[in-house]
Every structure is written in C-alpha cells, then in structure tokens.
C-alpha cells in the first residue's frame, strides 16, 4: 500500500503540473478475492507511471460498491484526468464512467469490461479463457491418472463475484460435454462466499462426506484449491485426486511441486498492467492511442478498443516459466523441502 | 354490600415455591382496607396478581361482583384498578411529567399536548407537598427516594379509577409528606373509591383504615374491621398468624 | 473527643443544581448519629459523597481526625466505612450469599470457599429475623422488598468496619424486623463503631440515637444531642430548618 | 381527572428564573459544563475531522466535495435513522443491511423485468421493507426470540433472497431516470432557495407558536431573544450550505453545469423532521422511549409493549428500504452485494457515534444523521488521502476511534462532575 | 467478622428437604416446568436438527461426519467461548473475528517467514491476542468509548493489519506438521480411552468430595444416588462418543487407517473446564457476573470494574487467538479472509443461542459450546444437502431461527408460569 508518491506533494505544485501531464486515477476492486491487485497490479502500475513521470492515485474499493463510487468521486474531485477502473459490477462501473464522461474524463476498463459502459479502452485477460484452461487442465490430469468415469466436484468462486461466473462459463464449456457424453460424472458443486478458504474447507469436506468417490476437483483459484487439498490430505487422498487453481500463487505452485495440485493458471499481470499504463499515460498526455484489437460489448453492441492478454496454464513441467517471468522468486518458492522439487522441475 | 374488588382462593407459585395459598380479600367502595403482613408474607405478590403482572394459578378475581379476567396491567387499568407498586417501576429515562402520564398521554390531534400535561402534573405534585423538586421536567433518575415515591403516587391518583392499591406508599416519605399521603388516601376513600393500603406502620394503618387484612406466610390470617381489633392483636396476627379467636387454626384459614 | 468520621464544608452540585451547601457532619465512635431531613433534603447525596459514589465539589472528609480522599467506594471500604444505600444496589442475577460476600469473597487457594460463605451468610441472616426466605441460594431478584433490604443490611454488618452508615434501612421492614435492625444498630454502636442512621421515623430515631443532625434544603440546620431536644423541635428543624435558637438563621448555618 | 383538578394548585417550580437570552446562554454553558452536552461531542468530532482533512487535502473543502459528502453518506444515514428506533428499544437489527438489499432488488426487478412505472416499484420496495419488519418484529415480540438471533437469521436469509432476486449473482442495471436521479441529480438552484425559505419560515413559526402557547398557560417559555437567536443560526448556516451547494462544481463548466442541492438532501431532511416529530411529539414515540428505558414499567403503565416493538422493526426495515432505494439509485444497479459488506456495521456505528445507546431508551433520529455525517466524512476524507487498502482500514479504524474518543472523553468529564 | 459470629445461629433454610435421587429428579422436572431449564432448549434444538439432517442425508450419521463436526465447529466455538466473557459484561466484541485473523497471520508469518519453531509461534499468536484485548479493554474501560464503537474500529483496523501481515492479500501456507495436526489429526484410539477414564475419574472425584465437604458442614448436599446417576450419564455418553470416534472412518481402510478422537476435542474440553472453573469458582468470575448484572452495585461493593472489563476483553481476544490458530491449522493457510466474513456473527450467534444474554450477567462457557454445536450441525448438515448459495443462505437462516425458536418458546412457556 502506501501513498502514491507525487500526490502527497503540495497541491499548489500538483495543480501546476496537472495541466502539463494530467493525472491518472486507478480503482482496484478488492484485496481478498485475489492477492494480485495489491501485490502485483499496484506495483506494476506504479512502476509504469513513475517511469512515465505522470501523477497517479491508486486505490482499492475493497469489494464495496459504495466505496468504489466514493473513490471515483474523490479522484475526480482531486483532479484526475484519466480514470482506470476494475469494476465491481457493470452497474456501478457504468455510473462511474458516465459521471467521468460528464466531466470530460476518459476511462479505461481494466481487467473487467463494464457492460454497456462505453469506456474508451478495455485491457484484460480473457476470464472465460481462464476457466477454459482450468477445465482443460483438469481433463489432462484426469487422463494422466487414467481415471474411469471420474466424479468431478466444483468449488466455484464467490456467488457475488461476476468473474467467478465467467470462470465457470469457461470450465463448464470444457467439462459439460464430457458430462453429457458420460465420460465424466458431475459431482457436487458449491460456490464459496467471499472466496473464503476456511468455508471452502468445510464445504469440500461435506461434499466428500456426501460423495466419497470424488476423483477430481475444479477449484476456481489456488486458495480454494489449497482448502480442498487440506481436506484430501486429512483423508490421505492428496495427490490421488487432481485439483485445479488459478493465479500462480506461491501456495499453488508449491502444491503443484508437491504433486497435490494438478495445475494453476498464470496471468502475466505485468504485461496487462504495462499495456494499460501505456494507454493511460498516452491519454493523460492528451494523445489518442490506438488499440491492437477490439471486443464487442454484448449489451450496447458497440466495439470497444481493447488490448487482450493470454492466460497460461501451469503444470509441474512449466512452473519454471513463472519464475523466469519474475512473477514469483525462487527464494519464495523453493523453501525447505521444496528445494529438491524445484531442481526436479528445472527451476534455476 | 358487595365488595368492589374481591379475590377468592388465589393460589400462586413461583416454580416449586408456593407463595400464596387460597388467599381471600375484599375491598369495599368508600373504605380503606389495610393489608398487613410480615416481610415476604406475599402482600406484593397478591397485589401483582390483581394487577395482572403475574398470572394466577388458581382462584378468581371479582370486580363489582362480576368475575373478571386480568391477564395484563392493561386489563387492570381498563377495569379502573390503579396500583402503586413497591418496586416503583418508573422509566428512569423519562422526566416527571412523562412518567406521570405514561400510557395515558393527553393528545391534541395526533400530537401530544405537552403543555396541558405539564400544567396538570405540576398541580397534582404540589398538592403532595413536594417542595424540593427543582423542575418537573427533571428525569426521574435524578430524584431522591421520597421524590420518586411521590411521583408514583401522583401518577396513580391522577386518574378516575375505582380502586386504588398502594403498596407501602409512605416507606420513603418524610413526616409531612406521609401525612399528606395518608390524608389523600382518606380523601380518595371518602369520594367513593375502594382503597387498599399496604403498610408496615401500624399507627398509619389504624389512623386511616376501615378494615385490616393480615397475611401470614401466604395465607390470609384474618380480615377484620379496624374498630374491632387492638394494635397488639394485629401485631400478633402478623407475627404468628393468629390472635385468640382470630387467625389461622393449625395453619389453615378458618 | 475527635469524631471518627467528619465532613466539613461539603458542596455538591448536579449540573446547575446545587444540592449540598457547605454541609458539616460528625459521627463519633460508640454513638448512633441520626441524620434526618425532608424528602430531597440531600441526605442520600451526602452519604454518597462520603461513600465515594459522587465526587465532592468542595470541602473535606476527615477520618479519625486525618483528612482523607475518598474517590471511589473502594477507598471508603478500605477506610472501614460500610454503607447501606437507599437504592440498594444488589446484583439481581446473583444469589443471596453471592451478594453478601460480593467484593470480599472468602477463598481457599485460588478458588472460592463457597461452603464457609454459605454457612456464615445463613447465620447472619437468621439473626435478622428473616423467616420467609426459602433458600439463601435464591437469586435476589426473587426477594420481597423487605427481604432485599435485610440482605443489604446483613451485607454491611458482616465486616469489621469502623463506620456503618444506613440510609433508611427500615423503610421496607416489618415490625419485628425493624425492631431487630434497631437493636442491631444499637449493638453495633455499643461495640465501638460509629453508626449513622438515616430515617424518617422519629420514634425510631429517638429510640436509638445519641445525636441528631437535621438537614434542611441541602444545609445542615443543626446537630444536637438527642437528649437535648424534643420530638416537636426535630420536626420543626426538618420542616422549616429552624426551631427557636436552633437551626438556620436566614437560611445560613449559624 | 376531575378529582385532581380540585386539589390546591400551588406552583412547585419556583427555582426556575424567567429565561432571557443572556441567562439562557449561561444556563447552556452551565449545562454543558455539568455534562448535559447533547449533540456537542458529535459536532466537535465533526469539526475536528473536517479540520484535519481540510489541512491534509485542500480539495476536501471544495464545493464538489461538499456535495459528494451528502450523496455518499445518504444510504447509511437513512438506514441508521431507522435503526435508531430499534436501538431505542434495546434491540438490534443485524439484517437491516441485507433488508435494504432485498428491497433494492425488488425495486430493480419490478422496474426492469416487470417493467412497472417507477412509483409502483418504489412502493413495492417499501412495502417489502414493511413486510420484513413485521416478520422480524413478530418473531422478536410474539415468539420471544432475541433480536440478535432473529436478525442474524434475517441477515443470512435475506442474503439468500437477494441472490434469488438477482438470479444468483448477476447484476441488474437500473436505467429509469427518476430513480437514478434520486442520488445522482440536484435540485435547480432556485428550488434550493425556495426550500430554504420554507424551512426557515416553518421553524420560526413553530418556535413562536410554542412559546406563545406556553406563556398563555403560565408555563416557562423561551424568550423572544432566544428564539431570534436560534432562527438566526438556522438562517446563517443553512444559507451558507445552500449557497455552497449552488456554486458551480463542474470541472468543465463549458461542457456541463453541475450545481444545486442534491436531491437526497431534502429527502433526508423531510424524513428527519417526520421521525423526530414521531419520537418527540406522539404517544407512540413516548412509549418507545418508555419501553426502552424500562420495559416492565411500560407494561405496568398499560403500554402494548409487543405492538410497539413490532412497529419499531417495521419502521427500521422501511427505512432500510428507503436506504436501499437510494443505494440502488447511486449505483444505478443492484447486485448481491447491495446492502452487504460493511453497510450494517457502519449504520449501527453511525447511530451509536451520534449518541444512541445500545441498551435502549436513549437516542434521537438527529443522532443518526450526525453520526452518519461523521462516517461519511471519514470515508470521504480517507478517499481523498489515497492510501492503500491495508493502511486505509487501519487509518479508518483509528479515525473512528478518535471521533468516538472525543465524545467519550467529554461525557467522562461530565460523569466526573456527578452527572451520569 | 467476629461480630457476626456472636449472633445467635438459627437455621433459616428449613424448606429444603434432604434430597434423594427420586425427589431430585422430581425437583428437576418441577424446575423445568417452572421455567428454569438451563441447557435443555439448546439440547432439544440439537436433537431436532440432528434428526432432520439424519433423515434427509444418511451420510450425516456416519463416523466420519461425526468427527468432521468437531473440527468444523472448533474455531467458531473457541471464539464464542471467549465472547461469553465480554457478553457477560453486557459489552460486545465485533473485532473478535479479525482479531483471530491477525493472530493467525502472526502465527503464519513467524512460522514461515521468520522460521521460528511452532511453539514460539503459538505463544506469539496468543500474546498478540492478549495485547489486542488489553488495548480494546483499556479503550472501553478507561476512555469510556462504547464497546460497539471500539470493536467496530478494531474490526476495520485488524482487517487492515491482516492485510499488512499477509502482504496485501497473498495466501500464506502453513506446512508445519504440528500446527497442521491440531485441526486435522486424531489421537491414537488408546489415548482417547485413557483421556475418557481420566475425565470420568476426575468428575466423580470432584462430585464426591464436594458432597462430603458440604455434608460435614451441615449444608444441604447431593445424595450418593444422584451423584452416581450423573457419573453414570457421563460414562455412557462420553463412552459412546469415544467409541464412535475410534471407529474406522477411512474410505480405503486397507490403504490408510483413520480413527481416533480429533485433537481439537481435548483442546476444547480443557479450555471449557478451565474457563468454567474461572467463571464459577473464582472471585474474578463472580465479579464478572456482578459487573454484568449491576455495574453500579459492583462498583459500590468495591469491585475494580475497569480492571474486570479489561480482563474480559483480554480473555476474549486470547480465545480468538486460539480460534485463529485452529482455523489456520484447519485451512493449512492464512489469507485475508481468515476470521472474516461471517465468523464473528456465527460466534456471537453461538453464544446467544446457547443462552448467553447480550445484556450481561447471564451465560456460561458451556452455552458457547452448545451453541457452537448447533451452528456446526447446521453448517455440516447444509453442506451435505448440497444446495446452491442462495437456497443455502435461506435455509440456514430459517434453521437458525427454528433452533432459537424452540428455545424461545420453551422459555416463554416458563415465563407464563410466572418465572422470569
């Protein structure tokens, strides 16, 4: 966290320099559904803005829509000339975008598209793609284990998180045909409120009690995956039942190294952040940058200029890619018993 | 003459503890009936049964000869029974006027008529010799013990009720105030109300009452005319449940 | 003879209302000092100032001739001042024994010594003529008014204190219990304690007290030997603040 | 009643001097020093907070930020206003947050899926609130389950209900311009001034009439000078506020003009006045205080305690509905988080900071508004400071503590003076 | 004290018959019918819930599910046990959930980043709890800010603190086998039986000694038959529980064996006994009840009210720390949600369902355990039913209401009999 360096300088100078370069306001969604927002996005965006020498203000709405809007109000009050938002939902997002527009402030949808919002740009990973990778990853692990008509359980993300819906759409797209074909058997499914890992453990424990033959777990992120793995360990089923994840956290990667987790999805946040920062800086300087592609807003039917990143599935074999990218360091990952596994996975 | 208020064969237990045993009591219009008895004899419990605070286990309550059901203080109020309880039950967060009119506020349209209530409360209180109350808009939590008691009494006599029951009303009162309250009690009876007065002070009892009812360990030992008994006899009834011909025989009502 | 407890020039206001005006009071070891006064005169407030419940605005408290600071009930307790307050302040959710030993529980090691406390409580209570308490393990919320008062008195006399102050202790008590408490008061004084007794009942006051202090509208009207005054004089002091040579002149202490 | 009228009428209230503005002020100072400070601590806390934020971020004292404050704090304040009624009884309503969510969802669904006109939707939402309140109240008063448990169950169930209403997690956009206007549009400047004039006139009129009626009855009445002083205060402060809100606050005035009193301000004002009247001038309000102060005494006075409780819950949930409507309007959408996260705690916090007791019997609707202002200022100021998530939580907590600390210490000082 | 001893000693307690098992049982029935039902409603609620879930899902009554119940409910129960102390005072601790999160985070950080041995980490976590409690207690008792506000501020600040400790949202895995064992491993079956024998022996011993000591003093004592009955109950029920937990519950018994009493069970038992003793048999416990019942009376009795309050908050936060450790162990990880979401409300709910009053002065540690069991059974059963999120919220709410309703109606019946 911490304050954004330049904004704390006296406002006199702030207003003076504002005319020259403008000021970028960034609203992150929360810090609990995923660690990325505060640990990765904030860091990379700050670096990019600092490098470009523009003023910025990055805040986190903590999954609170009211706070989200308040922050937007305050940023405009504080003189932001570009607004970059990760919306909590499209409704609030649209209100903020409309308000910003009415004040002549352009907006960038970062990571999440505001449906019907009409932001100037959209920069994101494809969340449905993330789910798709999870589904494919699980299928791969099940094939490796030579499972026969495996029962697959779902630990979905928070029922109130729209991204969780997108992830689910992704992995359902892969797995549902297999269920329909009788290749796999659909097991119990639960959404985990607030992505809460402790609740996830209880939920999964009950699934396992009810359906002891669960042979594969589609967990929406690494935290939920770890919760499932803890329960599996208790029953000495860890490693036998593949579990998925997302975010390539140290925890998830270590679980993969230990053989307890099947895969995770790595999103190169730095690339996303850099792309978004580039657009924002250009806007702040009064330029009109062009985007590499565009997506169609399903609600308004308009094309939104977009920069789209590709997520990457991580299995034991390619953990080293994540380390090589600098997303996690070897020191964090290869502690204690994991040092050996790291060597095995070819991590330098 | 039928008594205005009569209770017959009232039983009352708290869990395993039986506090009242087939108690009888009559209060007549125009008379002061004194209810006496030792600490814990069950006087307050009897009053609370009549007032609808406690449900009774058995027995019946008659008002003006008709059996009535008293299930809540509201029922008692509607019959015209007004009670000053020993544990006063004032709302500490309200002021004197608000307490006095609680549950029977005067209104003008949908709004409260504060001014007329204030006026009336002031007049009633001053008639009870309270000289030290600084303001009748004071919260009752800041009143002295006697002042609280006076407010409770004033509250009860403010209404056009038919029966007034006072549970140790003068316990916390000074000499002058006690005299005023006793005078008030007499005056209420003289205007045709039935008054029941609970008191441990036998001088007061003899001074104002027409009848005396003595409760002993939850049983009604005797109910007699004040003129027919002596001070010593009443003390005996209170402390041992009987006195000569009067009172309980072998622990049961005659 | 220096008084065991003395207050000098105590002032006390509640917000804008001044309740005590330079009040003086002395209580001597071996004597019963009666504190009398009309409702709202300030008796209970004075007692609460001495007990550390209210901070005083001005004046000083002397114990055995030494000026002392009483900032909390704890301080008063440590000096050996034990008080029965008019608003009894028992913990309704505790039983009789627990209330009586509250703050001074007997222990055996780190644990409470329930049995010895129960034994002692039972003995103390029975000496106060309470016959109707069903069990001393009863919660005090289920006690009658007089029973509660008895518990509070028993609690205060259970300790080896030097000064005992009783604020209207007999207000809710029956005839026999009142006699017992008055006897107890006398006995406490005779064993060398200083006892202060607040009461509205002048018969009781004359029966047990050695001195009488009369408070009038927050001012100490007079403090005299009981033997030197008549009943009528005390009534005059209470109701008008003066009586012949005694009392306030033009509203100020002589 | 005739009995009493015959009694000798000798005035007992002799200690009160006929008041003038001078000694009224003196009496006030004395009252405050003696500990009866009313809203003073909350006001003090507000002033300190505003001072600190203004010093740290000059943008805090801009017209736009002043206007933002109102819309930002409105929903929480409205919910807190309703909560006061329940808190006055010594009860609690943990479900108020999600109840507002349910009502907002009803609004959204009837507006979009059912396509009803906005006023029907608003009525439906509020009726939903009434229904919820009746249910909660009945469970508390009639069945006798502690309100904490009932409303905890409500907290869970309503969360589920919101999910059902918004189709398991999607979010419904509200596009009706009237509804969106509530929290996002302003009155035209002239209407602000008209409103101001009406308020001042009514206030002065009521004060005068009251004094005159009391004087006629021979009761102590406020002197003219004091009334003039009060009206003067209102004229100046309300005038300043309206003036500030009528300033141009658009960042690109040539693009779009942004002036006027936010629509939520009169909404809050009207509800504040109505509920204050209900609490202070009707028998129902009196009984509410009585039940909260001493339920047994109230019962003995013949007050229908159960009914009072049910009404209080109904009011609370209906106000939650109003808060939900405002929140939905502000977000222009409803999703399963509406009314969730910290809404409830902030609302109860607002009421408590304003001086409402959690043990019942003490509190005013104005408290909720004052406390709501404190919460809104903290949130607004913290927003301007631009801290990261963790620091913001830490600082918000500390600031909340500080604001409450001013209040507590002031009251503590008073208690030491002997008043509690 | 000598004064008193001279007074004539005439027994006043005459109404009590010397009890036998027969009339003890009669007296109990009479007590229950009279309304003093102790834990009965909670037990009844539990039985009903178990019956319903068992009927709906046969897997509910398997050995594995029985064992799961304990580990699933442990953290909430432990936090609820601590909350009882604060609730007894009529205060509340909204921050207990996140306090447990902070302590869990301290555990995780010292364990992983600092690489300390597990026992040092555990001590550090608990000390953090003590510190938090001291802070909260001081603010409530010394500064005089209402506990709702103090702990609301704590709720926010600790949330921030957790975020700081876990590096703004990362998820720290706990790989220490001892810590992980707490909530995930079991005692060897023989140790379970030893523990059982020790418990029974101690219980019987204490009961006997107590009766004998009272009889010697001439006080009313429990008869042998009653004691034998009580011990018998314990022998049967505890024996059944240990037996069930020692059944094989592995899914692949040939692969791996899974038997024994979960380690959290003795942890909870020991804490239950210790805190029950503190509450019922020490002066501190007595004073806690006194302050909760009538703070003014306690103050007048010379009880250091402030200190008692601080201690209560310290106990509450330390128990939250213990709960946090168990939660961390169970999830084998700590993240910013640890102790968040509904942990606090469930914990308070557990205490209240068990019979603890929110107004102070009434409650036992056992209540928290009983209430915790109700909450755990609901969560466990709902998990087996496999509903979607919205239905689950709805049903959980209703079930909670039902469980509390049984209790409320039983008490209501009692109140009608005149006992309140």
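We just call them A, B, C, D and E in the order they show up, numbering each chain from 1.
Heads up, the rule we're going with is that a residue touches a chain if its C-beta (ideal position, glycine included) is under 8 Å from a C-beta of that chain, and two chains touch if they have at least 3 such contacts.
Because the structure is predicted, anything quoted here is derived from the model rather than measured.
Colleague: Centre to centre, using CA atoms, which chain is the farthest one from chain E?
Modeller: Using the mean of the C-alpha atoms as each chain's centre, the farthest one from chain E is B.
Colleague: Rounded to the nearest 5 degrees, what is the angle of the rotation relating the C-alpha atoms of chain D to those of chain E?
Modeller: 180
Colleague: Regarding the chain B and chain C pair, does the interface count as same (over half of residue numbers shared) or different (under half shared)?
Modeller: Mostly same residues: over half of the interface numbers shared.
Colleague: Return the distance between the CA-based centres of chain A and chain C, expressed in whole Å.
Modeller: The answer is 73 Å.
Colleague: Using Cα averages as centroids, what's the distance between chain B and chain C in whole Å?
Modeller: Each chain's C-alpha centroid was found; their separation is 28 Å.
Colleague: Mind checking the centre-to-centre distance between chain B and chain D? Centres are C-alpha means, answer in whole Å.
Modeller: 43
Colleague: Distance from the CA centroid of chain B to that of chain E, rounded to the nearest Å?
Modeller: One centre to the other, that is 47 Å.
Colleague: Spell out, as numbers or ranges, the residues of chain E touching 2 or more other chains.
Modeller: 15, 163-164, 168-169, 342, 388-390
Colleague: Where in chain C do residues touch two or more of the other chains?
Modeller: In chain C, residues 14, 17, 130-131, 133-134 touch at least two other chains, as defined above.
Colleague: Of all the residues in chain A, which ones touch at least 2 other chains?
Modeller: Within chain A, residues 1, 31, 38, 42, 159 contact more than one other chain.
Colleague: Residue numbers of chain E touching chain A in their complex, please.
Modeller: Residues in contact with chain A: 57, 59, 62, 64-65, 68, 72, 75, 112, 163-164, 167-173, 175, 180, 184-185, 250-252, 255-256, 258, 327, 330-333, 335-338, 340-343, 379-380, 382-384, 386, 388-390.
Colleague: Any idea which chain A residues touch chain E in the complex?
Modeller: 1, 31-32, 34-39, 42, 159, 188-191, 193-203, 205-207, 209-210, 212, 222-223, 226-227, 229-230, 233-237, 249-251, 254-255, 335-337
Colleague: Mind pulling up the chain C residues that touch chain B in the complex?
Modeller: Residues 14, 17, 37-41, 43-45, 86-87, 130-134, 142-147, 150, 168, 171-178, 200-202, 217, 235, 238-239 of chain C touch chain B in their complex.
Colleague: Over in the complex, which chain A residues touch chain D? Could you list them?
Modeller: 1-4, 7-8, 11, 28, 31, 38, 42, 57-60, 62-67, 69-71, 73-74, 76-79, 88-92, 94-95, 99, 102-105, 116, 159-162, 164-165
Colleague: Under the stated contact criterion, what part of chain D meets chain B in this complex?
Modeller: So the residues of chain D touching chain B come out as 1-5, 7-13, 15-16, 213-214, 217-219, 277, 281-283, 286-287, 289-290, 292-294, 296-304, 361-362.
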